[in-house]
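Beneath this line is the structure, given in structure tokens, with notes to follow.
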Amino acid sequence: MLKEMLENVKSKSPLVHNITNYVTVNDCANILLACGASPIMADELDEVEEITSICSGLNINIGTLNKRTIPSMIAAGKKANELNHPIVLDPVGAGASGLRTETAKTLLEKVKFSVVRGNLSEIKCLAVGIGNTRGVDSVDFINEKNIDTVVEFAKDFALKNSCVTVITSAVDIITDGKIAYCVYNGDSIMSKITGSGCQLSAMMAAYISANPDNILEAAFACVCAMGLCGETAKKRMSDKDGNSSYRNYLIDAVYNLTPAELEKGARYEIR
Amino acid sequence: MLKEMLENVKSKSPLVHNITNYVTVNDCANILLACGASPIMADELDEVEEITSICSGLNINIGTLNKRTIPSMIAAGKKANELNHPIVLDPVGAGASGLRTETAKTLLEKVKFSVVRGNLSEIKCLAVGIGNTRGVDSVDFINEKNIDTVVEFAKDFALKNSCVTVITSAVDIITDGKIAYCVYNGDSIMSKITGSGCQLSAMMAAYISANPDNILEAAFACVCAMGLCGETAKKRMSDKDGNSSYRNYLIDAVYNLTPAELEKGARYEIR
Amino acid sequence: MLKEMLENVKSKSPLVHNITNYVTVNDCANILLACGASPIMADELDEVEEITSICSGLNINIGTLNKRTIPSMIAAGKKANELNHPIVLDPVGAGASGLRTETAKTLLEKVKFSVVRGNLSEIKCLAVGIGNTRGVDSVDFINEKNIDTVVEFAKDFALKNSCVTVITSAVDIITDGKIAYCVYNGDSIMSKITGSGCQLSAMMAAYISANPDNILEAAFACVCAMGLCGETAKKRMSDKDGNSSYRNYLIDAVYNLTPAELEKGARYEIR
């Protein structure tokens, strides 16, 4: 099943509209191209509805949020909803400031998201209004001890918000409220490059755009793909390599990942 | 003749003012440095005239367009015209939204551009108001069958707008309305990195700034240089490399390209 | 002493708030991660005080300055001063436009900076109002002949502005007005990548955040680290490499630099 998800990205080559931050935007564009999709970035209120109309999906990321683009996010989101385009929300840094928390909540109210992807702190903040966000880095890790609790929490969030919920950490959880996939792919060095989360969200928009009738499976496949590529990139590192080469290797791995490798390399369990 | 164009870039090291998008801006800066020029990015209305005055040329790119910077583009363009600085327009995504189409047209009316560089969809949109732009990716390709038609179209656009017109695709066309160079350098993987077009436009601003009396030849040399470097970068790829390493190799190739290699490696015909 | 400075960065992993330009922001984030710190970028007035409050230090960089973020810079700076967080100012392009010069001066008046880091043109412009800034690249070099004069100038600037002053060129000067360290590490190719200065300033914010009681030594250690990594990266280059690979190697070198290597590799004298 995983391999079909990636095959569809490659055969349909969805055009994905991104309203995202200026820190990791180039990486998001390149990872979209790497997986077989096409990116377009546009955040001006006057054009976002038109732009999202020619796309197959939308990715909204609130890193480097500013007031000019909040109405653009809402307008694009509503238009995408009208057109039944799948949408990802990445609530970067929710909990780190009132502006981010409030904006993420407003977006959740006004736009129906197909997937919300964040770290545990960010999703907690959206769920209960109390975050423990350390900037954009999560301080709440998912481990063997708390995984059952986190899975329950994620399922609850998914049901309450009618969206697939993806919480990423050492273990990643993907759930629609009924089934939860726990993915064990990945490598800790992924947290040493900026924007691995942003890249995952952008790529997820491509996966769900190419598989609009299988949002849960597409999101799950995307998380496996990213983690597996994180492992492939790690194996490629030599002594002199550091996080900058790793970032190239990660996108290169996405470029070279085949559907069959994804199917074979995914490590997960269902809870 | 091609080699003199690059020699002048290297000896004069022109400072190029860029008003460009936030997706590919870092690559544009690095490719300018790679070819021997210097970049400066500035888009605030209050300073663009001063900034452009200390430069030798200007590059205006409407990717991630927003209303704040449209007046900056016009002001910088007018000042550069006053000072006889060469200017490139890259109408990214013209045809994808009314804002982009209208802004590109307004710029063409208010500013005299030395070079307009885009894909066929974008240039068509500016010519006849009907675009077929698929976001920022062209859907209209130039091939053996339609090349004569496209050359005529490009010549017509060049004459009507009194500018050198550069249409890039599998074959690239550079024309001043009288002579048309068709360049066959390049590799299809260039479309798998974000911003190869933006990078070409930025580098073109350097080439024409260093060769202000030979705009057509400078633009032609720049297209050959980019295509040739695209080939060099492709040859350097190993099994594990993907589009991210390719992007580095491309800029590296520009850094290492000598005038003699450019002269020798260019593949083109005149129509 | 140098090694303790880096050890503290690695053990404390300071969260650094950056208000910076969109050209080199990704590199700044990745170099902060490379040295052991964590980045957060936020520039909206509504959130900058909150964001800076959860951080240990602040980095203000006026490249791609725009009017929206000037009040954000001032507000974040004042809040950081209230909280006694160390702050770096990078007056990119001061002297290139009235807006940049005036903004840098206003920031110096309203915010107490721990470190001001720029090239000689930029610092001269702030000192005497007369710059010779060629865009963002320095035209004033420090060499054997003028070094005594420049050291005196830097000391004077440091005393008048009650800040550690860092002037970077072929030789780098770090002074608190009493002691001046002249650092000889580095390589000329560092000027062929965009933002090596921005990256140094960002990393410096990490060093001083982790060593708030030793600002001078921390700034000095950071300059040595960057120069030393510039040399390491240069040694790694092969024939086909250019400035794009060099940029990766530089950040990789920062990632791999150990405190002991820093201590051993630093080349400097005290004046």
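Order as written gives the chain letters A, B and C; numbering starts at 1 within each chain.
Please note the rule applied: a residue touches a chain if its C-beta (ideal position, glycine included) is under 8 Å from a C-beta of that chain, and two chains touch if they have at least 3 such contacts.
Labels paired with UniProt names: A, B, C = Hydroxyethylthiazole kinase.
From a predicted model like this one, the values you see are computed outputs, not experimental measurements.
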{"item": "Category of the chain touch graph - line, ring, star, complete, other", "value": "complete"}
{"item": "Equivalent interface positions on chain A (Hydroxyethylthiazole kinase) and chain B (Hydroxyethylthiazole kinase), same or different at half", "value": "different"}
{"item": "For chain A (Hydroxyethylthiazole kinase) paired with chain B (Hydroxyethylthiazole kinase), centre-to-centre distance based on mean C-alpha positions, whole Å", "value": "33"}
{"item": "Sites on chain C (Hydroxyethylthiazole kinase) at which at least two other chains make contact", "value": "22, 26, 68, 247-248"}
{"item": "Complex interface listing, chain C (Hydroxyethylthiazole kinase) residues touching chain A (Hydroxyethylthiazole kinase)", "value": "15, 22, 25-26, 29-30, 33-34, 38-44, 46-47, 50-51, 54-55, 68, 236, 247-256"}
{"item": "Touching residues (chain side chain B (Hydroxyethylthiazole kinase), partner chain A (Hydroxyethylthiazole kinase)) in the complex", "value": "21-24, 26-27, 63-68, 93, 96-100, 134-137, 192-195, 239-245, 247-248"}
